[in-house]
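Letters A, B, C, D and E mark the chains in the order given here, with residues in each chain numbered from 1 onward.
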Amino acid sequence: MIAAVVVGNVWSTRRIDGLPVGALLEVAALATGERLIAFDVLGSGAGEQVLVCQGRAASQWLPGGPPIDALIIGSIDRVNEIQRPATPAEA
Amino acid sequence: MIAAVVVGNVWSTRRIDGLPVGALLEVAALATGERLIAFDVLGSGAGEQVLVCQGRAASQWLPGGPPIDALIIGSIDRVNEIQRPATPAEA
Amino acid sequence: MIAAVVVGNVWSTRRIDGLPVGALLEVAALATGERLIAFDVLGSGAGEQVLVCQGRAASQWLPGGPPIDALIIGSIDRVNEIQRPATPAEA
Amino acid sequence: MIAAVVVGNVWSTRRIDGLPVGALLEVAALATGERLIAFDVLGSGAGEQVLVCQGRAASQWLPGGPPIDALIIGSIDRVNEIQRPATPAEA
Amino acid sequence: MIAAVVVGNVWSTRRIDGLPVGALLEVAALATGERLIAFDVLGSGAGEQVLVCQGRAASQWLPGGPPIDALIIGSIDRVNEIQRPATPAEA
């Protein structure tokens, strides 16, 4: 998964059949800034940090396996970053 | 999914069996400019902004699961971009 | 899919069981120059521009679902590139 | 798979149904520094070097095939790096 | 697939259940130098050039569909590189 922040809402009225009910949110990866559009069923809001699952694993969680390749699976409360202990070569 | 704009039409007469009926459109990702070829059943036109689903989830929506790894799933009406609220460290 | 040009032939005699009969061709993505090895059943030749499907969708088209993650699905006759109409901000 | 080091813990209380029990760990790829969030059932700790499997293969190992696209499959004891022998052109 | 060279051996004793018997080899992509860890059943050695299949297609070839996302499918004997014929614009 990637950690991302919700940056926008996508509106699409002309679309293929079989897409489930939910929001299409634009998110930006926290690590790289990469933008993608993720499907959301949690009601995530602007500025919220979320976990995004990509690929077929996202699709298969949704009823009928729709053509959705990114899904918000949770809201991030916090990330406890822990630095890697210095190796002897670095110390 | 990625947001992309339709930039071209691909013509291919010699192809493998089992490809479905539809257009092969060249699209450019809005965020990066990356080019890819996506299958389209919506009649999307040049300059139109679209949502593209990639990978196996694209294939499985099509009858028979053909070797198609990118599918246009909708036309983008608009994207409402919302900036992330400044964090205390940024304020 | 990506548009690519055939740039080489790969010879591999020691290989795992279950690979189908066909050629392993080295291709270079037209947009980025990225090199990958794709499976070919169309008899594509050097310098030919082709469409390459990647991932599981490539594998599942082949009998038995072999460990093949890139498949040439067609020969490109031509690409009609169409520029995106200038937006008001760009005009 | 990629070799990565555990750099953090992700806390997420509001999440979709069907996620399995386990930790969500932030890891950094050793080769590139790329950050991703991986699911962990091994009790991996901060600074530990691990192997991460990505994509649908990660999901399918977990009961019910949840929307998880990265899984820690092992702890790395050590990597024995061996340089490629110089080719005649390089010698 | 990508063409890569074997550069190392990965040792991992604490690992999840269900991983098949075989070696975990570190490989470097010939085109980009990108490092990844691939599963090997061919007994590939250091410096050997190999073909690596990535993603779910790699997993499904192995008994039980384990969480393995990269598989060495063959040893490369040689690659015959053929330049793309110059287009009129380039000539």
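Keep this in mind: a contact is a pair of C-beta atoms (placed from the backbone, for glycine too) under 8 Å apart; a residue touches a chain by one contact, two chains touch by 3 or more.
It should be emphasised that the depicted structure is a prediction, and the values quoted were computed from it without experimental measurement.
> Can you list every chain in contact with both chain A and chain D?
none
> Averaging over Cα atoms per chain, report the distance between chain B and chain C in Å.
Going by mean C-alpha positions, chain B sits 18 Å from chain C.
> Just the number, please: Cα centre separation of chain C and chain D in whole Å.
Measuring from centre to centre gives 29 Å for this pair.
> Could you list which residues of chain A touch at least two other chains?
55-56, 58, in rising order.
> Chain adjacency by touch: line, ring, star, complete or other shape?
ring
> Report the order of chains around the ring; begin at chain A and proceed in the direction of chain B.
Here the ring, read from chain A toward chain B, comes out as A, B, C, E, D.
> Under the touch definition given earlier, write down the residues of chain C that touch chain B in their complex.
1-3, 30-32, 41-42, 51, 53-58, 60-61, 71-85
> Quick one: which bits of chain B touch chain C in the complex? Just the residue numbers, please.
5-16, 18-19, 24, 26, 28, 34-39, 46-47, 55-56, 58-59, 65-70
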